[in-house]
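Below you'll find a set of structures to go through.
Shared between the two complexes below is chain A, which pairs with chain B and chain C, respectively.
Now for the complex of A and B:
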């Protein structure tokens, strides 16, 4: 069906692109989740009033298109701050914040879904706020948050296609470069789609595995 | 000993406790009856410091619950409380539910905590449910688990807030039997309850709450036999 001029070297370029996509996603999701959990707990605990500054920053990250955030951030650190920072670092930074913004929303919502009475029972046994958080509230909240968090991670992986604007050769950019050179858009896009699927699929499976494991009844 | 002195407490404009004076001695079983909204639950949550009070004071073994210097987490280890809604930790097995606080709060080793949890669960008749998740238990079993969970902390006092009110009538008996067992073993207990027969049987004294005031307190024969206030008479007539 496909007669292609693609060489093994070109294919390897796609593999490297996929590796870059995976790396940027992994870093951003890891940092973004840690920051998001902290911000989520803070927003939940502090109440809407005190949380306003944090919420504002996170809302900006959620509402300004990623493409604009990336371009602006890159221009800002290189041209204004005159820092010699790679596009890769900027991409990770922006995507981490972007992940953190959504993650904090997920965490806050999930914590709100934990019945206050269950936590009260924990506190009445002499547990501190932190112990209650750690052993009761967060475990229960993570079960609620898991599906949305998996969705977020997969979303970040797809959105990372935009980091070509800061000159990072991830999967999508590699594909586009090849398309320009080989002029085989259909085949290459299909292949690119397969790559995205291959790296997303384990994450989705892992999610449903956890979901099953955590359903205690 | 639990000493409650002139305790007042409001939620916003609503005064829920209007000057409560009450002393519960070691080994005593006090039941508290009264209409809904009369402040019974609020009093219990004030005793273990889950709710602040506006004035007056509460002493538990001489320690003032609401003093700034009081370590509430420490004090709560002495005061077990079981609520109407049993509040199992749904992500933990029955055994883990009971082990959690002794391990994390008292710093018990896993083996110690497990042995104690198993003992308490057998005590309340759940010896065969150790590795089951709470969702698989009936309401009565979950409530007994909650009692075992509180007992595993080795409390000196147990507070029960309408622990049978949310249960199917068929399951009330097993939980009351557990309370009777504790009473017979000499546990100091304050039980808020609507089960008048139970109150009559186990109590050393019964207190009647009405609109934030402890309207009457007396041994059961006296309180049920010869109510002094019209409110209590009305309340008793309505519950029969």
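Now for the complex of A and C:
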């Protein structure tokens, strides 16, 4: 098993794949969080009836497999709209929306966990809605939301393994290509798995530590 | 820009095949869920057993399942185990005179991969649920003369399953969505596989995937709604 035909060049290909995985994750988590926070505040503030259109779209993003979302989006952009957009952009777009769907759920739940009396006290002290949101609700909510958000970001990193369908060479696709060439599935897969594990495990542990530390009881 | 001609008719012709695929998807999801729950209970009992080796097995399983992509786990079940299988084939061939192909069929590999993933996540759900059940429950059951397995089986486990019912529904939805990953190990009988294969024949990529998306959406909605009904019926008290 330790006599591998893998060269330094092949290893470099894996490293590039890993870099692509991290890049796509960073972009989609950044965009998705911004959109998700806005949608979450809107859904919380507007109430269930007015928020139905937003909720429905985000719900679809959570109930349809990512693989199908990606294929569908890619087919729509390239075949229907006939735009020349790279698979990378499509992947970032779809993953951002996917992140936003989960993030809005987290933000809404966290805002609901802020006691209404605290906010009312703020408002009765003469704070505007924006001030109340900025200085009272969001700081309190972020305590509840951050551990779940960390989990979500890791989830997006793991789910970004699917963007091979739109021809982005991230870690999983590079591994698969190398397996086809070198015929050493076990070794290469272990290498790939170790990479994901090494990134995901410490961050997940940190998340659960925060959750324990910051829980209200 | 919009000169794409939609041909929904052509796509709808393959609807029966896709619904057949949806059944396979549901079948895999249900099986992986049942097996996943069993494995999760087994892992929970391993963790509680106090034996270091058994606890190590649980920790390894759960952390690997939760910290690597599901796609990787399915790959591993298919190619990784086949990698071992090839080694064993090479070893047995000269002695036995025939090749033993230990590669799992795509169906079994997909099922194994999803089950592995399910068990890891469900174990965490069960762990959270067990924390919510006070110790006094076990103690009073024991003091009523129940043996330890009885106390666990009749008193603790029903409460545990009840508390973790909603997370379990979520995991079931996840399992349905995960079956689409079978495409990477040339599984072609589930909904995604069927759709993918038909797309290669009729090239109605957008229409076909749109229909598949609707089917998936309806399936997950049916599952969540019926789970809510079942929960209302089961947990009335």
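Note that in this section the second predicted complex is superposed on the first by the 197 of 217 C-alpha atoms of A that agree within 3 Å, B and C clash if a C-alpha of one lies under 4 Å from a C-alpha of the other, contacts with A are read in each partner's own complex, and residues count from 1 in each chain.
Everything below uses one rule, namely that contacts are C-beta pairs under 8 Å (C-beta built on N, C-alpha and C of every residue); 3 or more make two chains touch, one makes a residue touch a chain.
Note that the structure is predicted; figures quoted are calculated from it, not measured.
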item	value
Contacts of A:81 with chain B and chain C, given as first, second, both or neither	second
Contacts of A:125 with chain B and chain C, given as first, second, both or neither	first
First, second, both or neither for A:161, with chain B first and chain C second	second
Chain A residues touched - chain C or chain B, whichever exceeds	C
Touching partner for A:60 - first (chain B), second (chain C), both, neither	second
Partner chain in contact with A:71 - chain B first, chain C second, else both or neither	second
Touching residues (chain side chain B, partner chain A) in the complex	48, 50, 73-74, 76-77, 79-81, 83, 85, 87-93, 100-101, 104-105, 133-136, 146, 149-150, 153
Chain C - residues contacting chain A, complex	1-4, 63-64, 66-72, 75-76, 79-80, 82-84, 173, 177-178, 180-181, 183-184, 192, 195, 205-206, 209-210, 212-213, 216-217, 220-221
Sites on chain A touched by chain C in the complex	60, 63-69, 71-72, 75-76, 79-82, 154, 158-159, 161-162, 164, 172, 176, 179, 184-187, 189-190, 192-193, 196-197, 200-201, 204
Complex contact set, residues of chain A against chain B	115, 117-118, 120-128, 131, 135-136, 139-140, 143, 214, 216-217
